[in-house]
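Notes follow the structure.
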Amino acid sequence: MLRFRQFTALAALAAGESLRQPIFLLLSLTCVAWMAALPVVLMHKFGEDGKLVREGALALHFVFGILVTGHAASWSLAREMRGGTAAAVLTKPVGRDMFYLAKYAGIVSVAVAFSVCAALATLLSERVSERFVADPVLGGYVTDWNTARMVFSGIIVSLVVAGVLNYRWRFPFQSSGFGLLAGMLLLTFIVRGQFDIHGRLSPMLWAYDWRIVPASLLITLALAVFAAIALALSTRFPAAPTVAACCGVLLVGLVSDYVFGTAASRSFAAATLHRVLPNWQNFWMADALADGGVIPGWYLLEAATYAGVYSAAVLALGLTFFRRSDVG
Amino acid sequence: MLSRITALAVLAMRAAVRSRVFVSTMVALCVMIVWVPLNVRGDGTAAGQARILIHYTLALALVVAGTGAVWTSCSAVSQEIESGEIRLVAVKPVRAFEVWAGKWLGLMALNSLLLLLTAAVLCVFLFFLTRSSWGGDGPSTVRERVLTPRRMYEPVSDAVTEEAFLDEFTRLREEGEIQPGVTPESVREPIMQRIMARRAAVGPGESKHWTINVPAGAMAWAGERRKSFIGFRVASASWAGRVHGEWKVSSPAADGEWTVPATDYADGYHMIDLPGSLLPDGGAVVVTYLNGSRDESDAAVFSGKPPVALLVPSGAFAASLARTLAGMLSLLAVLTALGLCAGTIFSFPVAAFASFSMVLIFLLGRYQGASSEPLPPDVGFMMAFAEGVGLRMARVVNMVGGPVFRAVTIAQLADGLAVPVSRAVLSVLFLAGLYPTALGAAASLILSRRELGERGK
Amino acid sequence: MTRRWTWLLPLVAVLLFAAAAERNEALVAMRGRMGPGSGDVLRNAPPLVALTTVAFGGLRGLVADILWLRASRLQEEGEYFELVQLADWITALEPRCSEIWGFHAWNMAYNVSAMMSDSEDRWRWVRSGVELLRDRGLTYSPSDPKMYFELSWLFRNKIGHPLDRSHMFYKHRWAEEMSVFFPGQRADWPAILASESLSGRLRREYRMDPEFMRQMDSDYGPFDWRLPDSHAAYWALRGREAAGRRGSLACDRLLLQALVSSFLQGQLVFRPEEGVFLTTPNMDIFPKVVNAFEEAAAMHGETTLPVAFAGFVREATLILYTFGRREQAQAAFNIMRARTPGATGVSGLEEFVSVNIDRALKNANRERVVVYTEGFFYQGFLWLAAGDVDKAAASDEMARRHWDSYVSAKPPESLRQLALPALDDVRRHAYGRALIDLPPALAQKLRDAAGEGGQE
Amino acid sequence: MEPAVKTRGLTKVFADFWCRPRVRAVSGLDLDIVRGEVFGLLGPNGSGKSTTIKLLLGLLHPSAGSVEVLSRRPDDVATKKLIGYLPEESYLYRYLTARETLDFYGRLFDIGARQRAERTEQLLEMVGLAQAADRPVGEFSKGMARRIGLAQALINDPALLVLDEPTSGLDPIGCRQIKDLIVALAKRGKTILLCSHLLADVEDVCDRIAILYNGRLRAQGRVKDLLRESARVRITLPSEAAGPEEKLEEEMRRRFGPEVEVGHPVIELESFFLDVVQKAREGHEPDSGVGHEAGVPEYLRETAAGPYVPRGGGGEC
């Protein structure tokens, strides 16, 4: 029981630390605003409406998620190890394993919080995107401007309210800003769910492209794996090289299928690399949504297993490093 | 003061080199400027490849060095404030602007180094391109068309007069093409386009002439080996995409006349060699085109901007390259100043984020300017308001950011056009001088007013 | 943290990695099973495409947009030197956008090739355009009719039309390439299908299905596969197939154009060593073209197809008549009448021909000039075989006059580009055709009257 | 004599993002440091010592009141030429070597190349880092970093030397050297502002001290004056001259009455300091820095044996 309390306390601390970083709020805001701007800014949609917005938003989720988790993982552990904060905690009756795993749990919860925001914004922005509707009443190209308005105002409202909360009751601006942003997105999501894309009231219609949800879930899983890798790397390197190494892992993992997968039958080394490197393509299924495709539930389950096992493996490796690393 | 600034500049260079960002930038740059131009697919001609080489090598160097410049400059001040190192400097007899200038100069020295490296690599590539046995036109074209910078002299503009516009408007109304009640202002744009289009076309058997004023001293560089050209862009109104025509060039001052025999011109850009002796050193040159086609549909359309131009050799390629590099360096100077300024106000991640966002906003401002499309009418008040605010902001952004990007003359250099001294001087004065001074003054003020006593604040 | 645990942990890590590797393999296999057109596209994509589509993130659309803007601007300015690379990148960013592939291929085949002075260089770029669509574009969007349309367009208009100054060079080179598979005017399908090397090469190198081609020959042909029009028809037909039940009006239009063109010049006399490249009408496919028009009209309903159909039948009537195929000409005339009652304004076939032939001759373009000239020569040989020397001379005279009037109206440089066949070659072909068409006795008479080779 | 440092009503209030006052670190401080003296600034943690120093150095800007350092504003560049500052922590460039560090700071003072080199060598010698002159500062231990920090503070032969906790992190030998240095510099007429909570150091070297508590000045004056109890007189004799202590005590009691005590002198500054702080606390003012200490918590008393040690006290040497 004590261990559990310690664990939750440490994890909450790690998550809170990250949430209070100004860069976290900045990244989340930019990501959401960018997603919201996608359907408005893009002009050459190259034929397929919604697809570009959907893929763009999912990719933004992935890229900004990587920035968020990478920053959280590398800065919290690497900095604490050098700044002496980790030493202060570890001289208490807290095991290194516990400390490390709690950090991971904290970072993953940050990634999940971010992902919830990003997924909501993706759903909303896909809905806004211009599409051709052959409706007996309202034909032609339709853009759901009301939803766009609500998303943009939500961003502004959450910032203003966070400012007021900070001024009046000294709430921390960053974390309350993020919370409000998530809240406003959720509110928009619920309210717009009661309207169709022409803006006509039709309760409980929920006219969203629900196929996006599993794709977002997969990206969240990828972020969890990425957090484990970044954390493992930051046991050995300071923040900047960790970020560089993470970029390397990201790129290599992305081309793993193409470079190592195709050569796997010929070369043992390629086959080994293909197996051992994190295969991000497993989590990038935006292409499966093209032409009305869906991501089946069993695939999601399998991918979750892969993410869990892979994260566990990386965590075990990172823990091995962390046990031997000098702290303080 | 100089000694202090030098010491700080050297320190900034050391810090940048130590932070590995510079080293990675250097490595990335080396890899890219060697790898990318070799792998860019051109149109198969040596001249095209040379243009791509120049364009891509320099543009890539600008992107990589610019990214590195923003990154290192953001960290230069913000990291020192965060770690407290700046305190020991602040209590020394150093003014805030000296700290700023030292950092800026140090980073600029590194930027210059990167650009010099790029220029060296580019020159090596170009040297091999002029020596290699490329298929078709080969190295001589590269030397002739790309590596001999030319000044472009445009014809005296024949702007549409108000009278011509009103005549056309009246005519169209009489013909019933314009409804009664429509004001001239509301149809000004399409009518102007109509008139311009009509003027741009030369029908079969017709001819058109342009007068180009050549300033005195313009011919200093022209000679047997460095030919002058007439460049024109022609499109055929017919499906065949070819027109048949004859060119005549005469200069009343030099009392010379010279004719190019009738030839077939495909749609596109063409250049005709002119004998160097023909053109006067100062005075008017009249260029005449005669459409020799017999087919009724073969109208030749000169829609380029300018439709016809005189291209006269001006200066050496190295000089143009140096001026282009000066323009690039000026842009880097602004970026570095921007990063330093952001780093003075914010912590590193926020500063980096803010600076890159600024750069992105300026770039998007250009992009939006290039492709502004009216909003659909049914968007309502909020969106229209947002659009209005957005447009105004875009205008401001373009006003501030426009000169920054105009300093970059890579495209001209690649197109074989001379980069005038005045432009290089202007960009150096304006960009490397005015912008960094303004940003530096702001940053110094902030730095001197900022309380450096508290860690991480 | 006991000592035992310290060494156990790396072991656990290794075991977990092994388990993860096994899961990875399963996932990769699963993605493979989810079929093409989904994750598979990126799985087969080169690293650049994989990286840009995923790593470029939300910037992807924007970057493609910006590159597209630059490409459009360069194209407006007539600057093509960089377009190939730009289009390459845009296709990497948006690999499944047929518009881009079409634009890219068009640039290579039309704009870049036009900058080359050498025909060989020009042909290389035209081919690159074809290969880009066929070998790369179709990999990403195998079910997009637009891609087939673009491909068919290149065969029909870039290689088939006489607009390019090197068009004869293209036609020669393509015919030479295809002669490996089709040495004569008709394809020997049993032999090709039996030969693994031939049919395999068609599949691998040209991405063409021999079985489909054979079927096409019997449905719409026979075709002379050495001619670009046959390939235009092939790809248009594949596009129609890809469109499925929706159909593709654009592909059907191209198919019909290619078929009409095959009717006009669908047979090739090709003797590269002598420089002979003579196309002549393939009148056997007339009923099949009619069927194709009707099929398309049934599928697409009210369109401009009937206009094109009327034009075709009108022309076919004249040509068939010129070549002495009275029955077929009559059939064509009847169709025309049934379709547009009263529009002809004449009582019968004879009157129709006599009223319209002059106008047709006056407005004839390159391919029709060759067709009609050959037709008149052919008529002349028929009269000669029948023993009417006057009428034979009149027809011969008609052919020559018509030819001369066409040639003299053209400025020399455009004649060069048109690359008309030698008049003698046309005449010789008409003679050969007459010998084949006439019964043996009359053929012998013709031989006697004209002398071998058609020389009088 | 002209003051080296003069503050009048110096106040520093830290504000939050919305510019509302958050912490009053220094309030109404009147301080006069005479040229040529060694001045000690004392006070418990959070009493405003460091803030005062940063205000004097121009690192912070006063919210109210005035500061004059060497008769000029503290952020005037001419002032900074005459100041040397040893910060509480190492703020040195980690990637510069010890020699480069000194050279760099020397350049900031526009010292000529030859003189810079000379001074660098001498200072390295002085702080005992001649052996490690070419190692990057980032690799130094805390004590070594303090030493190089001290060296950089002296590179310009400053007229006013500000030392923030100069002996923290140093070994006993280093502490001794610092004290000797301070004495030597004082003899040369330099003004030294010393901030420390090691009362023994302060008592040893300072001419005058000021005690801050909660941002206010609680006591200021010459050390001897402050510690002298005018109501009582202390006689110090060498032991051998006085003979056995009991005998002396008897003799004195006989002459002056039973209140006479005889014994060795104790460290009196500490009790003086605690006394000042205690008095300030009794004023019940709202506190900004360290709160009212309630002595040792109850749960610690059961096990902790030994004398009460206030948290401000106790140091490395």
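Going by the order they are written in, the chains are A, B, C and D; count residues from 1 in each one.
Going forward, a residue touches a chain if its C-beta (ideal position, glycine included) is under 8 Å from a C-beta of that chain, and two chains touch if they have at least 3 such contacts.
Only a predicted model underlies this, so the values are computations on that prediction, with no experimental measurement involved.
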Exercise. Going by the stated contact rule, which chains contact subunit A and subunit B alike?
Worked result: C, D
For this session: State the pair of chains with the top count of C-beta pairs in contact.
Result: A-C
Problem set entry | Centre-to-centre distance between subunit D and subunit A (centres being mean Cα positions), rounded to whole Å | 51
Problem set entry | Centre-to-centre distance between subunit C and subunit B (centres being mean Cα positions), rounded to whole Å | 42
Exercise. Once you find the CA centre of subunit A and the CA centre of subunit C, what distance in Å lies between them?
Worked result: 50
Seminar exercise, completed: Note: subunit D sits from subunit C at a C-alpha centroid distance in Å of 94
For this session: Would you pick out the residues of subunit A that each touch at least 2 other chains?
Result: 43
For this session: Could you list which residues of subunit C touch at least two other chains?
Result: 65
Problem set entry | Chains touching one another, given as label pairs in label order | A-B, A-C, A-D, B-C, B-D
Exercise. In the complex formed with subunit A, which residues of subunit C make contact?
Worked result: 1, 6, 9-10, 12-13, 16-17, 19-28, 30-31, 34, 37-39, 41-47, 50-51, 53-62, 64-65, 68, 94, 96-100
For this session: Can you check the complex and tell me which residues of subunit D touch subunit B?
Result: 14, 50-51, 54, 57-61, 75, 77-81, 83, 85, 87, 89, 91-93, 95-96, 104-105, 107-110, 152
Seminar exercise, completed: Counting only contacts in the complex, subunit A reaches subunit B at residues 21-23, 26-27, 30, 43, 71, 143, 145, 148-149, 152, 240-241, 244
For this session: Would you mind writing out the residues of subunit B in touch with subunit C in their complex?
Result: 40-45, 47-49, 51-52, 55, 135-137, 233, 235, 239-242, 244, 264, 266-269, 293-295, 304, 367, 370-371
Exercise. Which bits of subunit C are touching subunit B when the two form their complex?
Worked result: 65-66, 69, 73, 77-85, 88, 111-112, 114-118, 121, 124-125, 163, 165, 411, 413-414, 417
